[in-house]
Amino acid sequence: MPGASWVYELAEVRKAFDGVVALDGVSLAIERGEHVAFIGPSGAGKTTLFRILNLTLAPTSGTLRFDGADVAALTPGELRRARRRIGSIYQQHNLVGRLRVVHNVLAGNLGRWSLATALASLVRPRELETAARALAQVGIPDKLYARTDELSGGQQQRVAIARVLVQDPDVVLADEPVSSVDPALAAALVALLRDLARATGKTLLVNLHSVDLALTGFPRVVGIRQGRILFDLAPDKVTPELLELLYAGSAPEAQDVAALRPGAVAFGKACRPLPGFTR
Amino acid sequence: MARPAGPFPASPARPRVAPLLLAALAGTFALALWTAEVDPRRLVDPRALSHAGRFVAGAWPPRLDPEFLRFLARPVAETVQISVMGTVIAVIIGFPLGLLATASLAWRGILHERTLGRWVGFVPYALARALLSLFRSIPEYVWALVFVRAVGLGPFAGVLALGVAYGGMLGKVYSEILEAVDPRPLEALHAAGARRWGVALYGLLPEALPHLVSYTLYRWECAIRASAIMGFVGAGGLGQQVELAMRMFQFDEVLTLLGVLLVLVGAVDLVSGRIRARLAT
Amino acid sequence: MSAIAAPAPRAGRRWWPVGLGVAALVAWSWHGTRVELGALLSGAALAQIAAYLGRLFPPDLSAVALRNAALGAWETFAISLVGSGLACLIALPLAVGASATVLYRGVLYERRRPGPLAGLLRRALGLASKTVLAVCRTVPEIVWALIFVFVVGLGPLPGVLALGVHTGGVLGKLFAEVLDDVDRAPIEALQATGAGRLAIVLYGFLPQALPQFVSYALYRWEVNIRAAAVMGFVGAGGLGQRLYVALNLFHEHELLTLIAAVYVMVTLVDALSAWLRARLV
């Protein structure tokens, strides 16, 4: 594929924190408009990769190219403008609880607005229509003036998605966006993300805890284990043996087991997979 | 009931405060007692008792004639005014310094991965902290002494003194409040490309504002008490009247003044408490 | 696209009356204290302050002045230390008296209320304790200092007494609140063992309350040292007295030395208090 349409190019990216290696030589290429799911056990390095991709963390070694440009060579101003083109959604929503929903949603504009506009908007919201439209797209138009910490977890995550819509980036990154939401709602939220991304041609990269959601929802699945990429395949090529290899040695979370076999009951965190769980 | 057989684990040796430390503390306290001329006999000395008697006899009943009460209106108003303006100036001094002295904004945390940013941000941070420490470690009355000689007698000196001393306290607490804010929403704003002021405006301040206002109101409660006293050094307010009355042995006036002070402080505490309660919700 | 009907902003708690009230208060205070904004903005006031500060430099570092400052600092330290100790002695019994939960209401009395006469007496005791505490803490330390100077004469003793009484009032109220807010569960458990009320207070209330007491007392020490430094101004010894002398004799360089001594001592006590609080609580 021609290099001009790579949105991300990672070459041997390594990240270490005080001697602990979180990413150990990751090489990856993402095309514009792709939808990719990242799966792997806790502590595998998915969140570190997320932070490197959304340009808030610098790799210890290796090259990271965003839209053709070497990120390490960017000036602070260019870095900020690059960040504006990447939207981030976090597991803990990372919204400002005390602000009203409308302000949290409009905060997506902060990369564009001047100080005066940002200040004025806190008093009387600017671009109200944009915020209202974004909230309608995520399904909670009536919550425009509610206080953010009064919403449920699922609703807050929708607000976070609305914020990204207002920011209107080229790339959307999500770090386990549905892990703190109940499973029925999770599928709906992931579908929403995919629909929004598809409608606007945005690149979508999602870290997922639930293997089921990844395999059913995405055309490309990357498995990460102990800081390295184990596989990078289409979902129909991901075999149960590969999955076992990916999660080997890590106690499956209750969610994993439930996702692989709906209705399965997990006895605490350290449960072993129930017999006959292969798909 | 028979004791269960078998050896018992020995009770752990109680941690003993080093006997040397204990001796040092005791010695310091004893020396302090001597320096402070603490001598209970002085309290029951006949002269002391007669003075105490004179005070109590002279103080009761308090002077309540309307002429005196009307005269008090001015010092009371002045005391309130000094406390309010002093707090206002304290916020004007303390808020910017407090912002500069917040490590998470200046040089630590998510906003400063590039090393150059760290060093550049550290200098104003260190300066701000030093200034705040200087302002708040010198009591407001000492500042009042200096300002009275610099800008003359009267309430202006009191306002400046309160402003500087309380500005130091406000700045320090403001920076502590700002640093205690949950960093995760800040990270999200930063990742969306917001500049530092954007992160501060949309992330830090909404979370911190109720606490900042609450502490400022608490400082106002302290300010009203301090303003009442600054008259002692010539900075206006009720304090000046108390000093005059004591010097002229008009104890009944002193009692009235104290009563007025009690009412004033109570009123300020009430108003401030109401607003702070609303903020807490 | 047709306007998406933005829902009317929910009527938030109306802050406008409060905001207007505050603005009016500030405006009135500004007028009353004649805060010469013009002077401030044009820097005339700042120039005056700078000029006066310039006269104070350099500090007098002769052996005589340094010795005077050191002695004064130690005296003030001693006054604050002994005064704080006295305050705790005063505060503890009064706090027990002022704590409704210990005396007549709450978890200790749910099963067996005190008899009508005893109940009345206990409530009266509670009221009396609270009144004494209120009087003690509303009369400012410096006024207590004036009164005690009148009763026992000049020197550090009236300072100690003044600090003890005033801080005793403050701490007493705080201690009583701690006692009232004690966790119920251990108390209930002790009741279930059939222990008497006094035993429960010793085994249930005190262990929970003591760390908080120590924390509050140490925190008040930071406030006390500032008050002690100033009380000397009315004759209660320490640095304050020496400040008064230096001021009246126009020994400006020595004044700066003394102010520096105040700063050093206050910073020391703040650090000591924080360290002790971290270690002990």
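Chains here go by letter, A, B and C, matching the order in which they are written, and residues are numbered from 1 within each.
Definition applied: a contact is a pair of C-beta atoms (placed from the backbone, for glycine too) under 8 Å apart; a residue touches a chain by one contact, two chains touch by 3 or more.
On a predicted model such as this, the values are computed, not experimentally measured, just so you know.
Most remote chain with respect to chain B, judged by CA-atom centres, is A.
Chain B has its Cα centroid nearest to the centroid of all protein Cα atoms in the structure.
We define each chain's centre as the mean of its Cα atoms; on that basis chain A and chain B are separated by 47 Å. In this assembly, the C-alpha centroid of chain B lies 8 Å from the C-alpha centroid of chain C.
Centroid to centroid, with C-alpha atoms defining each point, chain A and chain C lie 51 Å apart. Within the complex, the chain B residues that touch chain C are 28-29, 31-33, 35-39, 42-43, 45, 48, 51-52, 55, 77-78, 80-85, 88-89, 133-134, 137-139, 141-142, 145-147, 149-151, 154-156, 158-160, 225, 228-229, 232-233, 236, 239, 242-243, 246, 254, 258, 261-262, 265, 275, 278.
Within the complex formed with chain B, the residues of chain A that make contact are 54-58, 76, 80-88, 90, 92, 94-99, 103, 107-108, 110-111, 113, 115, 118-119, 122, 160, 163-164, 167.
Interface residues of chain C, counted against chain B in their complex, comprise 13, 18, 25-26, 28-30, 32-36, 45, 48-49, 51-53, 56, 74-75, 77-79, 81-83, 85, 134, 138-140, 142-143, 146-147, 150-153, 155-157, 159-161, 226-227, 229-230, 233-234, 237, 243, 247, 259, 262-263, 266-267, 270. Within the complex formed with chain A, the chain B residues making contact are 110, 113-114, 117, 184-185, 187-195, 197-199, 201-203, 206-207, 209-210.
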